[in-house]
Every structure is written in C-alpha cells, then in structure tokens.
C-alpha cells in the first residue's frame, strides 16, 4: 500500500540505515543520516538546505542531518539540514523543523507545528498540533506544549535581538499561551490557557492570564473528578514515559536528566 | 491543465465513482470509496492508514473510507481511513482529517484545519481556516467555527481522560476561542472572539471573555448597520443553506435534524 | 541536489524568465509569468485555478498570475491565479495565497500563512509564520505582522458583508491579535500581543488588550535594555530596508510611498 518507491529521491550522499522505509514522493538531500528502523512517510523533505544554498549552488555543502532510530516522520514534513533528532522521534503531518534544531530521545511533534531553528529540546518532550517555537528557545525534559502556543524572541520588534524562552523539566504550557522573549519557566509549572507570560515563573507554579500571574502551587490543584491533587503529573501519568513500570518516585532516584 | 494523471496512485482496492477527477500526485489507499462527481485535487492522500499499519504492514487491513458525491477536496489534504464524509463536502488546502471522523451533508472545512479524529459533525457545518478540533468532539448541524478555534479534551493534562466538547445546532464559535474539555454549548449560541469557555452555555446565549460569561441573548444583538436584530442568523443568511428558497421559518416546519 | 527536473509540470501557456529555477514536483498552471532570477522550490503550485474551473474545465481561461523577479518561493506553497507579486518576494513553506492578491516590492510571508484573496499589500511588508489575512484587507508599506494574527471581515457572521481591516505604513501587529471587520489602524502603530482591535487606532498609538485600548504613544516606549526610546522603529532597524545605507530620516525625505 504505502512505500511503493514511487517518485522517491535519495541523495547519493545520504546514509540510510537498516530496515528504514521511505515513502512515495519523499526527498532526502545530501548528508542526511537516517538510523535503523525509522519510517519517513510520503511527501517529506529531509535535509532541506539553508538559504546560502540558493546563492552558491555549485559550492554549497549541506550540513549533516541526523534522524534517530525507531522514529516515524508522518507525511508532508520538512526537516532542515543541521538538525539532530534523537531516537524514538514521532511527528504528525506538515511539521516544519528549521535548521540546527536538536531533539533528545522520544520526542513528539504534532501536525503543522513550526520549529524555527536553533532550538534545543531535551528528552520526552511532547508538542501537540500547531505549536510555534521561535529561534533560540531552550526546552527541558518531559515538557508538554499544547496547541497554538507561541514562543517569541524579539523584545523590541523589529530588532536584531533574539532571546528565546527557557522551559524547565516537567512543565506544561496550555493552549494559546505566549511566552515573551527571554522569559524563564521553572520545573513542574503549569501555564494556563490563553496566558501571556512576561515574567519568570518559579518551580511548581500555576500561572494564568494576560499578563500571567501566580495563582497557586500546582500541587494544590485538585482533580475535578477525584478531588485529589493531580500534580506533579508524573505521579499520575506514565504512558510512554520511562517510569511506566516502576513509578515516578522510584525512577527519579536513579534518573539522570 | 489540471488532472493530467501524472504520478497518481490509486489502490486496486479503492472504488472510484463515475465522473470522479483525481489530481496529479494524489494517493488513494486501500478500501477508499469515492462517490460520483467528486473532485480530489492534486497532492492529496485519501485513506491514510492508522498507526497499527506500521507495526504489521503485511497483515494490516485498511478500514473503509467514504467520500461523498459532488464533493471537492482541494490540494494537499490528508483524510485518514475510517472516515465517513457526506455528499457535497468541500475543503480548502492542507486540511488534515484523522481517523473515524464523520461529516454529514454539505460540510466545509477551511485551509490548514486539523480534525483530530473520532469527531462527529452534523450537516451544513462550516469550519473556516485553521480550526483545531480535538478527539471525541460532537458538533451539531449548521455550526459555524471561525479561524484559530481550539476544542480541547483533557481536563487534567496530561491524562488518559478524553472529554470532547459538544456544540448545538446553529451555534457559532468566533476566532481564537477555546472550548475546554467536556463543555456543552446549546443551540443558536454565539461565543465571542478570544473566549475561553469552561462552563456550559444555554441556548441563544452570547458568551464572551476569559473565562467566558453570559453577555446577552443573541436575539438582542443589533446589527451595526441596520440597527435591527440579526440573530437567529438563519432568518437573515441563506447562501448555501437548504432554506434558501423558502425561508428559514417555512423550512424549519418540515426540517428533520 | 535540488532542481532535478523530477516530476515538474509547466503549462505551455506559462512564461518562465531567465535563470528561473523550478523545484521537483512543482506545478505551474496556465498564464503564469515568472520573472527573471526567481526560485520556485519543490512541491509548489503556482497559478492554482479558481472555483469556476471545476464547473467548466473545457472553457475556463486561467487569469494571469505574475511572480516578480529575484524572488524565492519555498516548498509546498500554493499561489492562486490572478495574483500580482512584486520583485524580491520571499516566502516560508506551505504558504497559501488566494486569488487576486497583490504584493508590492520586497515582501515576505512566513510558513503556513494564509492570505484569503483580494488582499493588497504595499512594499516591504513582513508577515511572520501562521498569519491569517481575510479577504479585502488593505495593508500599507513596511508593515510587520507577527505569528497567529487574524484579520477578520464579517461584522455579523454569517453574512454577505465583507469589510477588511486597513493598516497604515510602519505599523506592527503582535502575536495572537485579531483585527475586527473594517477597523483602521494608522501609521507607526503597535498593537500589543493578544489584542482584539475593534475601534480605529490613530497614528503612533500603542494599543493593547481585549478590547484593545490606548496605552501610550509608541515614542514613549523605552527599550528594556538601553532605556532609550525605540520607536519609530525605522530609526533603529534597517536590515533589508531601503534606508539601510543612508538612515531613515535621510531616506524619508526622498521616499515616495
């Protein structure tokens, strides 16, 4: 059904691992390395060249791009050259990942999301659909970002300053929130829906609003159904997480983040 | 001009009706049924397989997908297997419709919209560009959803709970509004721009704000130009609607929703 | 690497200038004119026909489309017939530009942006990612529009009225702002993040909020780092601008906007 080798272009300078599947109409450019057991679905572009290519096509050397093993890139994604993407990566459709972006292990990026380049993600980050991450953002481990979240980076637009936000481990950013340039969000935070975050957020804080202000410690948020406290969420959610068999508290004793 | 049969893939297990046009670079997977007089434009994927395909390509059986008659799917759309789409369907470009979504008759979905799967729409729903509908949402008939509206479904993210919103007939959701998990919006409602709706909304209510609160009965909203009441809108708008020749009040007497 | 002439379709009725590059899988329809030194990257559609095409394929005549010289259209863009796009145009990926849109010189449009047609832009407009411009909007020169901004046009949805917003020269619209139908924004304005603009905005105003209200004259905004006033921004930013060598004040004496 899929993978008919129809209209596929793979550069002779690309390295394709064992048991890799490449979908129809997909293009793999120079110096792309795809590790074992990974699926690149149809209509994708991997190793898209940066702007300098168009100025000197003859002498351009495409920076190295690495796609980790056991990953699945769904159709119509564009991943630029210079990216380093860890094992177990997974995307929706139409994801754009610009140059020199790094993802750790087991990350997920939803449909239509747009990573603007020079962004660093830790391990197990889950980005939902239609997330926009500006250049030079830094995101920790186990960070959840929900639809239509925007990370900005220019404090006095338009300017030449580029200050990306920084997000700590286990934090979550809810739908339609904006992180303003250079803002730092701590660990285990929750940014409520529709917030505009202009000031740094300490660990375990729930902030919400425009401008976002401190509401309560996340450990005081009660589950609407059970009435019990739900956060820190790793105590209650383990699907796809490394602590799924032993529990977060036990896992955390030995974790190296 | 279009429809040159260039680089088209149609599964032998697909059923293509009379007078159907399939655009260049389009892929039609197994067990897709396209009814008569429908246009699938270029660069589309119809019947995209679900995740289990990648785990067992040999034994995977693609669920049946139906695209109704007299429909037009514009370029770069992706419609998953298991969807049932009624006659007279129309899309913009780059629409993603995930598995097991049902659309009634005469629905429209705008460019870049993202329907996350297991969603049910009635008849004559019009979704504008860049709408995001989370899984397990339920939408009535004659519902208008404007750009950058998000339907969410997880009350304590991240969790395994999935509670989609429910929207009644003739209701409208304006730009940048968020419907929180499990919320119910009645009939003939209007959710104002930029609202975050966390509580149920009764019939004929205008709600707005974050959190959205009741402002007035929609029948009290005056048209800025005429000064007369404009809602319920079916009394004043009939383009493409089934009451376009006889008027809404006459039509409603015999309508079966 | 790129430009292998793989699966390219160029209408015999298209006119392709000197030193133009057309990417793989790209389609150029009837009556498209591409001026010299322009790059159309892969997977693009230029001259997409309007709706009437599907009703009378035999007799349809595709309106003329012009893409200016020295432009770069990145992959997966769709530009409809009837558009006139000035020299030095540049796009990100997956941009949709509907019919009869006009861009002046040196404009830029970011990834996933959606221009709904019948829109007019002046020169040097920079639209960031994921901008949505409704039909019949009018945008001046040197206008910056940031991600997830929406221009609306229907004052009593759904209706047959279409009143696009108007934006003056040098103005900026920050992330997640909505311009309501028919609103007029003056010159050198700044609309803050997350605003809903329902009333006209005078020259040099900073407005913010929902509804957006006047905060201060932009000339009173201090740079967070230098403490000096930063606006009007052309006094401090010149990358890619026509005053980059002589300064804005000198350039302005002779400029004809």
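Points worth noting:
Going by the order they are written in, the chains are A, B and C; count residues from 1 in each one.
Here is the rule we use: contacts are C-beta pairs under 8 Å (C-beta built on N, C-alpha and C of every residue); 3 or more make two chains touch, one makes a residue touch a chain.
Remember, predicted model here, so these are calculated numbers, not experimental data.
With rounding to the nearest 5, the Cα superposition of chain A on chain B corresponds to a rotation angle of 120 degrees. Residues touching across the chain A-chain C interface largely differ between the two copies, under half of the numbers being common to both.
Averaged Cα coordinates give chain A a centre that lies 27 Å from the centre of chain C. Counting only residues that touch two or more partner chains, chain A has 7, 25, 43, 76, 94, 112, 130, 148, 176, 194, 210. Taken in their complex, chain C has these residues touching chain A: 1-4, 6-7, 24-25, 39, 42-43, 72, 75-76, 92-94, 111-112, 126, 129-130, 144, 146-148, 172, 174-176, 193-194, 210, 221, 223-225, 230, 233, 236-237, 239. On the side of chain A, the complex with chain C involves touching residues 7, 9, 11, 25, 27, 29-30, 43, 45, 48-49, 53-54, 57, 60, 62, 76, 78, 94, 96, 112, 114, 116, 130, 132, 148, 150, 152, 155-161, 176, 178, 180, 194, 196, 210.
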